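By written order: A, B and C. Residues from 1 in each chain.
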Amino acid sequence: MFSYLANPQRFLKFARIASPVFLALFLITLTLGLWQALIASPADVKHKEAVRIMYVHVPAAYMAMLCYLALTIASFISYVWRHNLADYGARAFARIGLVFTGLCLITGSIWGRTAWLTWWQWDGRMTSVLVLFFIYIAYLLIWSMSEDKKKAARYAALFAFVGLINIPIIKYSVDWWHSLHQGATFSDFDGEGLSTGHLIPFLLMCANYTFLFFWLSIEQVKTDIKSAQKNRSFKKDQSNIKIEAY
Amino acid sequence: MSYHGATFPAFSMSFASVTLDFGDAPLFSDLSLSVQPGQLIWLQGKNGTGKTSILRLSAGLLRPLNGILSHELAGFQTGPEKLVSYQSHKDSFEPVLTVGEELSFWAELYDYTEPIIDLLHMIGLKDQLESKIQTLSAGQKRRLSMARLLMADRPLWLLDEPKAGLDFQGQELIETLIANHLNRGGAAMVASHNPIKIIGRQVRKLLLETRS
Amino acid sequence: MSAMLFRDLRIVYRDPRGWLASLIFFALFLSIFAIALDGEPERLAENAASAIWLGTIFSLMISFENIFDRDIQTGHFEQLSLSGINALSIVVSKMITGFITILLPILIVIPLAGILFNTEPAASAGIMMSVLFGAPALIAYSILSAALLAGQRNTGFLMILISLPFIVPVIIFALSGVASYAEVGFWNTGFQALCGISIIALTISIPAAAAALSTHLE
C-alpha cells in the first residue's frame, strides 16, 4: 500500500475519495461519541460527573503516542528511501501529535483539579506527557530550521529515532522518580476496568480521534503536495550548459 | 594512498543526466559529461550559473536531485574521496595553527612521508614553516592549499578559482603544477573567470549560461 | 583519529576562549543561583546538587553549540571527508575534546562550588561522582544536538530544546544517586541507573550524530 501511495498523483487521487470518507466517519463518531459521553453514559461512583473529562483526555493520550509511532515509521521510510511523501507525512503526524499532546495536558490538568484538587502534579504520567510535548516541539523546530528541506527531513528523522528509544526510558525514569517521592499513587481507571456504560463512549471517542487523525494527515499531505507543485511552476532561470573544445 | 609521482592508474568520472536543484528551483538539468585521464576542463560562466555546484557534485559534497554520478578508479567503482581533491574558495586551514602543524596533520591523514620542507620549497613558502596561518596573506594561503593538493595525490583535481589572489609567479606556479599533473595522467576541472592555458594541452570548455 | 584529537586539543590550547567561557558561565550561574536562594546556608546545601547539575548542563550546551562551527566555516570538514575520514571518528574525536576541555574543568571546580554552596566534603564528592557517571550521556546528547544543528546560526535555544528531553532521566537518576550517596555509598541504584543511561546514550547518539554530520556534508 505504501509503495502504491508513494506517487503524489496517485496519492491525490486516493485523497479525493479517502478524505471525505474519513471526514464523514469523524463527524458521525463525534456526534455519537459526544452524545454518549456527555448525556447517555452514567456518572462515575468515585469521580462523579468529572468522569466525562476522561472521554476527551485518555483518547488524546493514546493519540499522542500513536502519532509518534506513525511519525517514526514515516521518518524511517523518508530516511531510507528519501521519499518526499514520507517527509510530508512525518511532519503532518508531528503537527497533529503536538495538538493532541497539548489537549492531553490541558484536559489532564482539568481532571487533576477535580480529582486531586491541584492543577498540576509532577506525577510520572503527566511529566512524561509534558516531555513528549517538548519532543514534538523540538522535532517541528528542526524541520523549520533548515533551508534545505531534504536535509531537514533527515535531521528530523534522526531526532525522531533517538526520541523513540528515549521515550520509554523517560517514562520509566519519571515513574521511578515519582514512586520515590510520593508514596500513594492516585487512583484512576487502570486495573479496575471500565463498565460497559463507560466503555461505549470511550471506544467511540477513540475511534473518533483516529478518524480525525486520518482526515487531518491526508489533508496536510495534500496541501504539501500542492504547494510543492505550485513552487515548482515558479522556476527560476535554469543554466544552459554547452561543452566545446578549443 | 600515494602514487609518488608515478603515472596514475586509469580512472574516469562521469555525470549521466544529472539534475540539481536548490529548494524547488532547478539550477541545471540533464547534464552529462565525462572526465578522462589527461583532460583539462575549464568551467566558465557568470556568478550563480553553477560552476561551484558542478565541482561540489563531482566531489560528492552535493547530492543531485536526479541522475547518476560515477567515479571509477583502476576499473572499479569508488567513492569520490579516492578519486578527487577539491580546492574550494575557502582556504580550509585553521588560523591559530602554524603552517608546519597543519601540513603535518594532513601528511598523517594522507600517509605522505616525504619532508614537508621540500613541499614548502616547491610552493614558495619555505620560510613560513613556523608562521601561524592567520599571519599569511590570501595568496600565501592559496599556495598552501596547493601543498595539500600535492600531498593528497588524487588523480582528479577540482579547483575553484585557483588563481584568485595570486601574484604572477603564483599563477605560473599553478599552471606548472596543473601541467605536471596532466602529464602524469591526471585530470583537472577548473572553475575560473580567467582562461586557463597549458602549453600543448587541449582545453575542453564547459560554458554555463543563464537561459532566458 | 589521534591526529584529529591532537589537532583539536592544540586549537583549544591556542585559543582558550571556548573552555574559559564555559567555566565562567558555570561560576556565574552558580553565583546567581546562590543569590536567588537568598544566600541562606541551609537552603544552599540542600540545593547544591541541583544547582551544580543545572550549571553543568547549561555550560555544556553553551560550549557544544558551536563545537563544529569552526571546522565548518574554515572548510576543514569538507577536506576531512574528502580525505576518506568517516563522520564517526570526527564525532568521537570531538566528544573526547569536549570532555577534556569543557567537562573536566567543571569537574575539577565542583569541590570549589561545594564550598560556595556550603556542602559537606562527602556530599561534594557525591555530586562530582554523579557528574562523572552522567558525563558520557551529557556529552552524547550535546554532540547529537550540535550535529543536528551543524552549520545553522543562533542555535542556542534549539540546542537546549533538543537535548533537554533526553537529559531528563539523567538528572533524575543523578540527583537521586547524590541523595542516597551519603547512606548507601557510590554504588547505589541511582548511580547504577546513571551508568546504564550513559551507555545507552553513547550507543544511540554517536551513530545518530555521525549520520547527521554526513548529512550536513553531502
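Following the convention adopted for this analysis, contacts are C-beta pairs under 8 Å (C-beta built on N, C-alpha and C of every residue); 3 or more make two chains touch, one makes a residue touch a chain.
Fair warning: this is a prediction, and the values are worked out from it, not measured in the lab.
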Centre-most chain [mean C-alpha coordinates]: C
Maximum centroid distance from chain C, chain identifier (CA atoms): B
Rounded Å distance between chain A and chain B, as computed from the means of their C-alpha atoms: 48
For chain A paired with chain C, centre-to-centre distance based on mean C-alpha positions, whole Å: 32
Chain centre separation (chain B, chain C; CA means) in Å: 38
Where chain B touches two or more other chains at once, by residue number: 63
Touching residues (chain side chain A, partner chain B) in the complex: 147-150, 228, 231-232, 234-246
Chain C residues touching chain B - in the complex, by the definition given at the top: 3, 7, 10-11, 14-15, 70, 74-76, 78-85, 217-218
Residue ranges of chain C in contact with chain A within the complex: 144, 148-149, 152, 155, 158, 161-162, 164-166, 168-169, 172-173, 176, 193, 197, 200, 204-205, 208, 211-212, 215-216
In the complex, chain B residues that touch chain A: 22-29, 31, 33, 45, 49-50, 63, 202-212
In the complex, chain A residues that touch chain C: 131-132, 134-135, 137-138, 141-142, 145-146, 151, 154-155, 158-159, 161-163, 165-166, 169-170, 172-174, 176-177, 180
